[in-house]
Amino acid sequence: MKRLINPCVLSFYLIFISHGDMLREERILSGIPGLDELIGGGFPKRSVTLISGGPGSGKTIFSLQMLISGAERFGEAGVYATLIEAPEELRLDASSFGWNIESLEKAGRLALLDLRPSRFLELKSEERTDSFFSWVWRNIRFKVEEIKAKRIAIDSLNVLSAHFRDEHQFRQKIMSLIEALHEFPECVSLLVFEQITLERTIEEFLTDGVIILHYIPVKNGMLRAIQILKMRRTRHSENFHPLHITCEGIRINPKETVALF
Amino acid sequence: MKRLINPCVLSFYLIFISHGDMLREERILSGIPGLDELIGGGFPKRSVTLISGGPGSGKTIFSLQMLISGAERFGEAGVYATLIEAPEELRLDASSFGWNIESLEKAGRLALLDLRPSRFLELKSEERTDSFFSWVWRNIRFKVEEIKAKRIAIDSLNVLSAHFRDEHQFRQKIMSLIEALHEFPECVSLLVFEQITLERTIEEFLTDGVIILHYIPVKNGMLRAIQILKMRRTRHSENFHPLHITCEGIRINPKETVALF
Amino acid sequence: MKRLINPCVLSFYLIFISHGDMLREERILSGIPGLDELIGGGFPKRSVTLISGGPGSGKTIFSLQMLISGAERFGEAGVYATLIEAPEELRLDASSFGWNIESLEKAGRLALLDLRPSRFLELKSEERTDSFFSWVWRNIRFKVEEIKAKRIAIDSLNVLSAHFRDEHQFRQKIMSLIEALHEFPECVSLLVFEQITLERTIEEFLTDGVIILHYIPVKNGMLRAIQILKMRRTRHSENFHPLHITCEGIRINPKETVALF
Amino acid sequence: MKRLINPCVLSFYLIFISHGDMLREERILSGIPGLDELIGGGFPKRSVTLISGGPGSGKTIFSLQMLISGAERFGEAGVYATLIEAPEELRLDASSFGWNIESLEKAGRLALLDLRPSRFLELKSEERTDSFFSWVWRNIRFKVEEIKAKRIAIDSLNVLSAHFRDEHQFRQKIMSLIEALHEFPECVSLLVFEQITLERTIEEFLTDGVIILHYIPVKNGMLRAIQILKMRRTRHSENFHPLHITCEGIRINPKETVALF
Amino acid sequence: MKRLINPCVLSFYLIFISHGDMLREERILSGIPGLDELIGGGFPKRSVTLISGGPGSGKTIFSLQMLISGAERFGEAGVYATLIEAPEELRLDASSFGWNIESLEKAGRLALLDLRPSRFLELKSEERTDSFFSWVWRNIRFKVEEIKAKRIAIDSLNVLSAHFRDEHQFRQKIMSLIEALHEFPECVSLLVFEQITLERTIEEFLTDGVIILHYIPVKNGMLRAIQILKMRRTRHSENFHPLHITCEGIRINPKETVALF
Amino acid sequence: MKRLINPCVLSFYLIFISHGDMLREERILSGIPGLDELIGGGFPKRSVTLISGGPGSGKTIFSLQMLISGAERFGEAGVYATLIEAPEELRLDASSFGWNIESLEKAGRLALLDLRPSRFLELKSEERTDSFFSWVWRNIRFKVEEIKAKRIAIDSLNVLSAHFRDEHQFRQKIMSLIEALHEFPECVSLLVFEQITLERTIEEFLTDGVIILHYIPVKNGMLRAIQILKMRRTRHSENFHPLHITCEGIRINPKETVALF
């Protein structure tokens, strides 16, 4: 089923072209080839977006690429809070796409924050005055203010949730985290989320945007596609678009759609 | 499968046309293009309707649009209780559709109540004499009486439920909330509800009406449709109708139907 | 798949025609157009039937119509115990079908019992000597005896169940409620039940009869049908029959069947 | 898919014809038209069989018919333990098929035991020296010995299970009940079981036999069929056979099969 | 889909034919017609195999037949631990296939151990010094050593599991049971397991082999098939093969396959 | 659906051929025929990969084969920690594929660590100073350092998880295990995981790689295929490739794909 382009998206896009300066102020370009066309020209400022997908769907690459592009091409600093992988592994991951994280770190345009639970446990007791959740947030906030970051990624929410036995309590913490991220008016934030079940989750309705990286079995292999499930203040594409992980990172084809169901 | 218009709905609609004044008294026009034809000319007065749908289905836009239309076109004041988004974000959301919330606020015809849990937690202890639920309700009731509101929206029930560990207790609170809303005989109330699972929920059978905003995957993208699942005292459409989110808000096509299953 | 009429049902029906007087003693006519032909000429006296269906399936209309028909056409008094809607709302619901409840109430042929949980909570403590469940039952029994009712409706079981944290305890209460209803040898009782999940429920095997009001999505809209799942001492139809909600209430077509699965 | 008769069943049946006397000793004829041909000539003596099906599937009729046939045609006494319906209701149920229970009761060939939980609760405390489960079993055993019953029906297991909060404890009680029924070497026992979920249940693997009364939706209505899922020491049919509830009770067509899946 | 015979299985089989003596040492012939060809010539010595299937799938017949064949045809003694049926019932079950258990028992080549929970509960308290699980194992070990058994069957695991409220504890007991069975280097053990749900179970990954007896509905009746899901040190068939329960027990057709899904 | 080879994988592979020395440093060849082509030339050093599959899918053979190949063909020592099977059984398993574990053990190039829970329970109390989990890890670490192992296999995670009642606690232990394995910079680690349910599991998102051994029913039998679900720093195949268990172990056909869904 080939759908025509929604004329609203089109007109919005044309406005974007002609009144670029005004709108660019309100939008942050992702730098991921093909993505910004799907979301009305970029992420809304101050928005918090969930990046959701299964294992191997490319969530970490997506988030890294957006921060590195911001730093390299738009001069916008980024803070990448890693709760799973060690920073040196992320540097290796990036180098396999030809991205040089270290030079950006040295230039003060990218910060990899090592916020793995094991780091927290190694703290001396006098340094460990608050909970893991608060420690994570305090470190992010400090670094964002220090380097005047415009892009934030937290990878992943699942590690945070693993520290709450009580889902009810976790939900309230996530609400307050999102409110806190909204306090940085110039920033765009990505929350990486590993989809473990097929059910909709509470996280999806708390964030301003939800981007799903589909990675699903079809006949003889796996198919990759991106879907903008929701994005506030944005006439976004409602189709599934093919996504490729190439030697140079993620590339989206905004003009094509694929059938997932 | 093309269905003929149910003659009952038709006759009801004709009566509505001819005896408009009498019936208009009993109905509140939504102002959402195409909707009122599906629900016998408007929402029944004093009714409480659940607006249900998944993330990105347009529940907040739907509710905002109905209150703004009421204020702008019918001179009916509205109270929008927001439990998730900050008021300034809602104003931005609205302006992306060309709606000017601030001018309506100044005119006393629309009130955005900031009832986010974080506001409650910031209260001084002497002000926080009752539970979150009671605080929410007390604020809504006060504002409805103050501006003589005819339209109420609570966005969303899920935040209220997140404050109850015990589903049994929550259910009884919802019953009493609906009874309390029924005490405003001139009002129509919308309860926004984020569908997280596919199961029917207790909320659906307690309210007078249930409107479902479908937003479901079909082949290459997402399809939007509206369904009036139930509405008391109303011969409503039993079909699925296409819904579009345009540059000017939601628009429904009451003469067309779409296949969802 | 068009099925022939089961000859047993047919012969039963013929007997009913010819030996009407004798059999009519054992049967209570529903008064819902088309229904009695499906259940061997009417509900068995002393039977308790579950009226089951999802939101918007017409359970309340069904039950109201049966009590109003009994009062208007057969001179049989009815008690409608409402646990969700306020009596004034039910009167409005009824008037939208052209039914005048108030005149029947004045004539002592219909009683609307307001047994909402909020009424129970408003009782003074000296009046509230027993549990909600007992209070509901005591009020029903008293009114049934007072007006010599032949038809009883309890709308809905779900509100009763909401007052039991423990499903085990609820099940035993329902057993005893059904036994108590059996003590009225001349009555027919309807228990309204909102189907929330698709699973079979304990209620279905405790009652003498189960009538399901199907209201299910098909292609472009919703389809209505009635099914007599079980009815003791009755050769009932085993097909799905179309059900319409018209300007004058429910109408069933006993000669047609529809495919649901 | 038409299947040929399994030659083993056939030869078994032929042996049954020729060596009838010897084998009849080991088999108890059900008396339900068409059933005995499916189970190698009748139920094995001392066997305990689960009669399983959903609401309206005919479990109670099946069990009543087998006990009444035994009493009327084979002179074998039966004990029907009813845990749901009152005895007078069962008598009415039976009379709608032309069966006269009362005359069999007077002749001492059929006993209806009223073992509803409410009867147990009405006992004086000095009579209520043991649990509900023990009381049920004690009454059954006493009556079986008194009238030298050869057929026992317990309707239904679900009521027994409703008295155990702990499934683990219930399972052990059922094991011991089945062992106790095995102590009557000349008897055949039927345990009526209302299938509430589609999952296999523990009861199915503890009994010697499992008979399923299918009552499932197909296109425009419900289809009835019987399946012998298992029966120890018996070459039984492995097909689904049509079952009809006629004016004279259940009738099975052992020569036809129907497609259920 | 007809599959060619895996050449590896074939060559293995040919080796088996030519170097029979050497390999026979490592394999224990099941004696069930058609089975040994599917499992590389027989069960590996010292292996523990789960025999899994639903009610009526033939698990008890399978296990009995393997022990009786071993005793009659290969002179290998067997211990059958029965936790559900009484020994006299098993003897009757066997005689319906023409198998004479008693003569084998007298010859000391087959032992039926009555390990039903009721036997355990009847023990005097001084004899009941350990748990049910330990008592079961102690009896099996003693008998295996006494008659120098080469074949062991435990029917069924489900009864053992019913004695553990805690699944975690049960799992550890099963691990230790399997280790203990491995201590008999010349034996092959069968653990009968009644599949209640469709989910894979912990038992399947702890045993050396898993054989599934499929008994599933197809169109008008039930279909029987055997599947060797896993067997260590064995190139086994990976197909579904038809299984018949004949007058002489189970018979498998190793050259044919059937479609189950 | 035949897919063309992803040009990125191809170019990567070509680079691998021409600049072998440099890259080989970063990759560890599996030695499983056909696998290395699917994962960009081998496993990344320091990576931890989950080997996931159902019973009988070949997980143990896969892991054994990779360690034995490493020892035999590349001179890289391996540590195989077995938590289910006894070492002597593994030696037998291996010999059925013609692999001689004992000679590799003697040469100090392969160590089978017997870490079954029963071994832990046999320890004297003074030796059992820490938990089972710590004991397992301490033994592995000691042996890896002793023989300078480059390949580690832990078979299986499920046994570790069986020692945690609390899933939350288990998850944190697994995180720390993976971090600890990352401390061996020259090693590749395999974590064997028995898939019991179809749901995605927490383990899948914590490891650097996930390889799924599919073993699923198709029509008349079972189908084997391998899928590289994820592998960090690697352009891996996204297709399902046929896997065969031959007389000489696992063999993968990287040029063919099969349809699984």
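Note that the chains take the letters A, B, C, D, E and F in the order they are written out, and that residue 1 is the start of every chain.
Here is the rule we use: a contact is a pair of C-beta atoms (placed from the backbone, for glycine too) under 8 Å apart; a residue touches a chain by one contact, two chains touch by 3 or more.
Since the structure is predicted, the reported quantities are computational estimates derived from the model, not experimental observations.
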- Note on the structure: Listing by label each chain that touches chain A and chain B gives none
- Item | Required steps from chain C to chain F (each step between touching chains, minimum) | 3
- Item | Shared interface numbering between chain E and chain D [over half = same, under half = different] | different
- Per the C-alpha fit, the turn needed to bring chain E onto chain F (nearest 5 degrees) is 60
- Query: Among the chains, which one keeps its Cα centre farthest from the Cα centre of chain A?
  - Reply: D
- Message: Can you compute the centre-to-centre distance for chain B and chain C, using the mean CA position of each chain? Integer Å is fine.
- Response: 31
- Message: Distance between chain B and chain F based on Cα centroids, please, to the nearest Å.
- Response: 54
- Residue numbers in chain B touching 2 or more other chains? none
- Message: Can you tell me, using the touch rule above, whether these chains form a line, ring, star, complete graph or other shape?
- Response: ring
- Of all residues in chain E, those that touch chain D in their complex: 54-56, 84-86, 89, 92-93, 96, 116-118, 156, 158-159, 162, 165, 194-197, 217-222, 224, 245-247
- Would you tell me which residues of chain A are touching chain B in their complex? 1-3, 8, 11-12, 168, 171-172, 175-176, 179, 182, 199-202, 204-206, 208, 210, 227, 229-235, 237-240, 257-261
